[in-house]
Structures are given as C-alpha cells and as structure tokens.
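Down below is the structure, laid out as structure tokens.
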Amino acid sequence: MKNNTVTMHERDMQKVSVNQRIGKIIALVLVYAFLIFMAIAVLFPFYWMLNSSLKSLDEYRQSVPTFWPKKVLFSNYATAFTKANLGRLFMNTLYVGLVSTILSLVITVLSAFAFARLEFKGKNVLFAALLATMMIPGELFTITNYITVSNFGWKNTYTVLIVPFLVSVFYIYLLRQNFLQIPNELYLAAKVDGTSDIKYLWKVMIPLSLPTLISITILKMMGAWNSYIWPRLVANDEAHQMITNGLRNAFTETTGDVNYPVQMAAVAIVSLPLFLVFVFLRKYIMKGVSRSGIKG
Amino acid sequence: MKVVLQNLTKIFPSRNKKSNEEVVAVNDFTFEIPDGKLIGLLGPSGCGKSTTLYMICGLQKPTSGRIFFGDDDVTDLAPENRGVGLVFQNYALYPHMTVKQNILFPLQNLRGADKPTKEEMLERAYSAAQLVQIDELMDRKPSELSGGQQQRVAIARALVKMPRVLLLDEPLSNLDARLRLQTREEIRRIQRETQITTVFVTHDQEEAMSISDMIVVMKSGVVQQIGAPQEVYDDPKNLFVAKFLGTPPINVFEGRVFEGILYIGEERILSVPGADDGEVYVGIRPEGFILDDGGPLHCKLSSVEVMGRDVSVVSTNPFAVSPVIRSIINADNKVNTESETVSYSLKRHKVFIFDRETEERVYFEV
Amino acid sequence: MVESKQQWKAWLYLSPAIVLLLVFTVWPIINTVRMAFLEDYSGLEAIGGRVFTFGIGNFAKVIKYKSFLKCLKNTVLLCVPTVLVSSFLALLIAVCLNSIKPLQKLLQTIFFLPYVTNSIAIGMVFAAMFNIVGNLGTKGHDIIVTAGIINNIIEFFGGHAVNWINAGSTYAANMTVMIIYIVWNALPFKILILLGGLQSINKQYYDAARVDGTSRTRIFSRITVPLLSPMIAYVVITGFIGGFKEYTSIVGIFGESMGPVHDSGRLNTMVGFIYDSLSRNRQGRASAAALILFVIILIVTLINLQVSKKKVHY
C-alpha cells in the first residue's frame, strides 16, 4: 500500500473548513430550535393550567385568549379547594401513602435481606417465581382481588387501599441487588461480634442502601397520589376517597360549558405536591425511574 | 509527509470554576517530524503527550502555535480533512460491526470524487487487513478477538484510508507483556512497509526506545529532549531524562565538583575537567560500573542477583539518592558475596553530572 | 447450627411478603383462570348458589362481542402510533440533548417534568385546551362562542377551528387528541432512558468517527442507533406493554364516559372493558378478557424480542 493521498491546496482546505464551520453553526441552531420548541410544547399545558386558574370565568371565555390574566384572581383556588373537598382528599391520600410506604418498606427490607443474606431451602426457586409474577399485567389480579376484599368486608376502608399493594416484587428485587453489593464479610463480622440481624440491618445495610430506599419511598408516594382505578372500585365513598378520584368526581364534565378556571385551580393544587417533590428530589426520582421503568 | 509543530501550546481552563488556575498541558512545543519516520512521544502520565497527539489529529485545538503537514497549515482544519489515521488506546472498534465493516467504515465516509467503488473499497480493506495479518478474521465481531487482534484491526482501520500521518495513542498499554513485545515489532514493520509518518504516545520508555526513529521526552507539558533513542540515552540533557530512560534506572548520588575532581562524600571518584565547581547530582548508568578492588567508589554490598549473562550487584551508599544502587556486571567477574563492601571504578561515558539546583547537565571533557 | 437457624429466620422475614403474595397475587392468578373457564361466571350468582360448567364460552363470547372488538381496535390504534411517535421523538430529543452543553441540564429537567404529573389531572388540562369553550348547543354544533386555546392557535395560523372533543366531534379528532396527550405523557420516561444510554456510550467511538470524517447522519444511523439499540428496544417494549393497558389518560380527558358526550364509550379500551365487566358482575367475562390481554401483551413482547434479537446489538 502506497501513500498516495492528494495534497489539498491550503486555500481549498480553508474553504472546506469555513464551510464546515457554517454547517456546524446551522446544525447547532436547528438543534436548539427543535429542543426549545419541544420544551415549550412540554411546558405549555402547565403554563395554560396556571394562566387559566388565575382568570375570571368571563376573561377565560373571551374570544381572544389572554396569555396572562388581566386581573389575577386567587379566589378560584379557594373555590376549588372547598368544591372538591380537597382538604379531606389530601389527608386521605397522605394517610394512605404514608402508611403503605412505611409498611411496604419494612416488608421489602426484610424480604430483600432474606434473599440477599440468608441461606434457606428453595431460595432460588422462590425468587424466580416471584420475578415471574412481574410479567403478568396488574388487571389480571384486580378482578379476583376485588372479590377477595369484598369477602373480607374491606370495601370502603383504608385497609383496602393499603394492604393489597404492600408487596412489590420489583422493589424486593431492586433492594436485594443493592444488598448483594454489600460484602458478606460485614455480616459475618457482625455475627461474630454478636450483633443481631435487626441491628445489623439498621446500622449497616439500611444506611448503605439509602438511595434505593428513598427512590422506593418516592415512587410509592407518587403511586398513592396517582392511583385511580383500584380506589374507584373499592373505596369511592367520601370518607376514603383518594385525591385523583376526588378530583375526577368533583369535575365530571370536561367538555362544554364548564367553569374551567376553578377546575384548573383544583388541578394546580393537586399537581403542586408532586411538583415540589420533583424539584427537591429529582435525582432520586430519575434514578429510581430509570431502573424501574414503571409509572409511579 | 513531514509534520511540523510550531510553538504549539495548549492551555486548559481550570475544571474548578472557583479557582482560575489554568492547566498548561503543552507548552511551546516546536518540532519537525521528518517524512516517513516513527516518532515516540514519551513521558509520565499528565506530561501532555496525549494532548499533543490529539492536536496533531485535530480532535483538540491548540491555544496557540501552528501545525503543518508538509507545507499545508492544518491548524484550523477539522480532523476529517487532515488525512490522519488515529488508533485509540482502547481501540474504539465499533462493537456492533464485524472486522470487515469496521475497516470499511472510514472508506464509506468518503464523498464525491474521492469515493472509491465497492470493489476498490473491499480490495483496500483486504490489503490493509493483510498488512496487519488479520485477513482471516474479517467476519468476526471485535468481542470475539483477542486484545492483540483488536489492536491490529484498529491499525488496519486507521491505515485503510491511506492517511498522511498515522497516530497511535498508547498502542501497547492494553496488551500483556508477551504480546507487547510482539506487537511493537509489528508496528515497526508496518511503519517500515507503509512509510507513513507515524507518531505514537507511550509512557513506557523501553517501548519508545525499542522501535522509534526518534523520541521526544516530555514532562509537565514541556519538551525535555528530542533525538534518536540511543543518542538521548547516551547524552541526556537533564536529570529527568537521565532518570526516565533505561532499565534498570540510572543510579543517582549527591556529589560535588571541586577543582575538576568529582567527589561522592569524601571519595574522589573521577576527574571531570571542564566542569565548574559546585554541588551536583551524579548519575551513573548500571552498566557504567567496573568491579575493581582498588576502585574509588565504595558501597555496602546487599545482594547479588544472577541474571545469566550478567549479574546485578545491589549495594547501598549513604550518598545515593535512590535507596539502592544497582550495577550490571558481566557474569565472568566473580563477586565475593562474603565481603561486606564492594568497590567500583567507573566508565567515564556512563557518568553524567547535573547541577544540584537546575538539574541541568554539567558537561565535562571525556 | 447457623444453617438451621437461618432457615427459620429466613421464612420468618419472608412471611409477611409471602402471605400477602399468596392472597393478592397467587390466588388471583389461579382464580382468574378458573373464572375465565367457567361459563358465564358471575360472583353474585355464585353466592346465590348457581353452579357453573367448565368451558371456553367466555372467550368465545368476548371475542365475538362487538364492544370488545371496539375496545381492542381503540387500544391498538392508540398503542401503535403513540409508541412509534413517542419513541422516535424521544430518540431525537435525547440525541439533541446529548449534543449540546449550555442549557442541557435545564432542558433535561423540563423534559422530565410530565413524568411527575397525575395523568387524570393533566388530562383535564388537555381537555380544557382542546375544548370549545362556549358550545351552547349540547347536541349539535350550532353556536360556537369561543374555541379553546388550541383552536385559537390554529386560527391564528389561518386554519379552521376543529371540534376536538365536544359533542359532535369525530372519532378521528378524538383519537388525535388522545395520541397527542399519550405521547406527551410517554416522552419523559423514554427520554430519560435513552439519554442515559447515550451518555454511557464511549466518547471514543465519536472521536474515531470524526477522525474518519463521518457525516452527522451516518454517525447517527451507523453508530448511535446500533449502540443505543438495547435501550431503544427496552423503550419500545415497555411502551407496548404500557400502551395495551391504556385507560386512565382517556378518563383524564373524556371522563368516565370514555368518549364525547354524544357517544360515550367510543374510546373505551381493553382495560376499560375489563372494569366494565367487573362492575356489571361479569367476572367470568372480565377474567377471559384479562387473559386475552395478557396473551396479547405476551405475544407483542415476544415479537419485539424476536425482532430485536436480529437488530439489537448487545
């Protein structure tokens, strides 16, 4: 093979170089234009929600839309809060979310510990069986679970909103993987020192896997906040209603002659906690989501 | 293609936003690489050798200075217009393509009049593969190849577009010791056959010395010395270069020159006519020692390591900078292992003295 | 000693999980299959003492059932385009995001924002945006006082206002709104996964491509996409699995009537069908539909895996 490249003249090369630079700049402008356009498309519903929620009904209905309320009206929020009984819904959802998160964490930690650290007969078979259940869509369980909780007499209680979803195979799997990364020698050393399992879990394993636990907590809370189908089936009474159901029930009409400003104010109130969680705990949510691939 | 680096400088802005310290990766590097030679850029990690390579390649832009390929100023040219071939340290073979697809890839990028026909491409890919002796592996994926074979594929991929300059970034560092010896001969052979001006970067002085036509020794962004390997080894310009080249490394002592005589401690070691008086470092190559009971340099004997043809005598001396002194002696000379001390006389041309302050070489008449 | 102690300890720690799984996961699997194969099974009638015969009648009925076929059609029509569009858009956005430095973090955060929203709540916002505000006639399309913001924008650019979701709206308009909303909702997760994948691709491949003068489009098609293919496959497969279970986003926009005022149930999906059957105490039919849904998801996943086996580089 011979080195037979054609040497370009210096001037030609500079021309090529200038052309390339122009191409690069155009590409960059296009990339930013596209991204910013998409970002606006993503943000627009949020903006429109806030904008509408601060308008009077008359202003909202003007044939030329205003992109900022002429007169900022916070009273929509008060109206929405009372109309949809949001206070009660918040308390219900928070209660269900907190209790189910705490219980779920305890169960998950104990199970993950058993799978990661203890030796027992049938461990691998059991674990494989658990993972296999993840393939099955949740709707398949719902039918029977509806019958089961009816038979238990759990309808319209908090229990029915909490207990059926306490065990998540996926969270057990996630935490077990995390626990496995902690060297077994630490556990054996603790045993030699006479540390109890619970103390070891509390002092060593939990601190070391805190990020995973936080991710699980957030996803679990978001799950409570967004749950709709199951609560509608089994606990749709006023005393136990969850926030999403309450919101949907309070504003059954979505089309036609609706008082949208109040509706949008209610939506904004419901969205706010999630938004705050997102702002402060973005890192954990993104980490949890990218590993789980589930909608909270 | 001759490559000229003119006052090449690269300054990286500080990574830490708070402090404004800049990192001078390469400082005022001027060098003309003659056509068709194999050049080794040599230095410890962080000395700027890789940055220099990336600047020649075009992946990094120099802060100041110019780069010429032949008479063309390529400083502002994008890498693809420079006609360079680059072999990455970990090869950067596309894992989803076969060996053949990997080698064909640069050719398929060509556009317009330069674009060869399909047959020409295949022909060139096969001749490049033949050159590096991997033509039987064309349908494998990189993951099915050994490290040495991957290395060859990477070289073939760099060569297939007939670059004006071939650049290799730490080409041997990912290979085991045996393959390393074999592959460096390979690189030498390929370079000889293709006659492409080749620059490679390494931190391993043995590697650089063994195959380069010329080596460039760098330290903290500054070129220390440029020359043929033997020349640099025999005539280091400063203590750093002397210490960096050679295995086992050079032995360094604290000494002083007084009225043309070199002293280590109170012992008169050598007459060094022409050297100025003052405190110095004395560097003695391991092969510069001669066993001599009447010799001027006395050391405490620690051990004798037999290496077959040679023996290595390990001893200590209170004035040595390194913890032990290692000399290489022909095995014909019997060392009295019972003795507590060992005495040497020295080969004059294997002794270098350096100013204690500047660490620059102090020359004397040999 | 330690071994046997570990045995009972392990079962002790696992006991809450196992008990709950037995009741709420294992039993439902068995029972759902049982109910699906009992002809016309109904929980209420079972309590009343009726005995059901074994058979595949539920499946036969479900498949012939017009409303089920409509639900299946809706589900497929919502699932396929949204998965394809959102995957492609997400890939484009992720690649663009990965290629810029200034504003990258900010834009990344913005693109993730829809993830942390309640799909019912934001569905209501979309409904407001697509609504025709003052449609005074509930049956017809007579007096339109003001169109919603989307129609305002369309009119601003010289188009004609469209009745998207109100009474009298067309099926195509309804589906368009649903597809836009579902894509909007599906983007963040896909962008997150794909961007993560892009950022883990070794930069040297791109340096190597640059030295070889590879054009932008070729870098995209020959390097980025193949190296990202496992992530793309993952995003598409999970997208299909989620898409076949579409339900709440429709409730978000159209309410529980699952369709515009004049044609409720028009946009009902497979999951919606299951819940309707359940609320009418037709557990047998619901179970059969759920099993069919499971099998469809399984088949689609297997096809996806088969395709990706050929195309995906791991």
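By written order: A, B and C. Residues from 1 in each chain.
The rule we apply is simple: contacts are C-beta pairs under 8 Å (C-beta built on N, C-alpha and C of every residue); 3 or more make two chains touch, one makes a residue touch a chain.
Being a predicted model, the structure only gives us computed values, none of them experimental.
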Top of the farthest list for chain B, CA-centroid basis, is C
Which two chains are joined by the greatest number of C-beta pairs in contact?
-> A-C
Averaging each chain's Cα atoms, the one nearest the global Cα mean turns out to be A
Could you tell me the distance, in whole angstrom, between the mean C-alpha positions of chain B and chain C?
-> 59
Intercentroid distance (Cα basis), chain C paired with chain A, Å = 15
Round to the nearest whole Å and give the separation of the Cα centres of chain A and chain B.
-> 55
Note: chain B residues in touch with at least two other chains are 78, 81
Touching at least 2 other chains, the residues of chain A are none
Please name which positions on chain A make contact with chain C in the complex.
-> 27-28, 31-32, 34-36, 38-39, 41-43, 45-46, 48-49, 52, 60-65, 106-108, 110-111, 113-115, 118-121, 123, 126, 130, 133, 135-148, 150, 163-167, 169, 172, 191, 197, 222, 225-226, 228-229, 233, 243-244, 247-248, 251-258, 260, 263-264, 267, 270-271, 274-275, 277-278, 282, 285-286, 289-290, 293, 295-296
So, in the complex, the side of chain C touching chain A is made of residues 2-3, 6-7, 9-11, 13-14, 16-17, 20-21, 23-29, 31-32, 35, 43, 89, 92-93, 96-97, 99-100, 103, 107, 109-122, 124-129, 131-136, 138, 145-146, 149, 152, 165-167, 184, 187, 189, 192-193, 196, 216, 234, 238, 241-242, 244-245, 247-248, 251-256, 260-261, 271, 274-275, 278-279, 283, 286-287, 290-291, 293-294, 297-298
Of all residues in chain C, which touch chain B in the complex?
-> 202, 204-205, 207-215, 218, 222-223, 226-227, 229, 313
Considering the complex alone, what residue numbers of chain B touch chain C?
-> 57-59, 78-81, 84-86, 88, 90, 92, 94-97, 105-106, 108-111, 157, 161
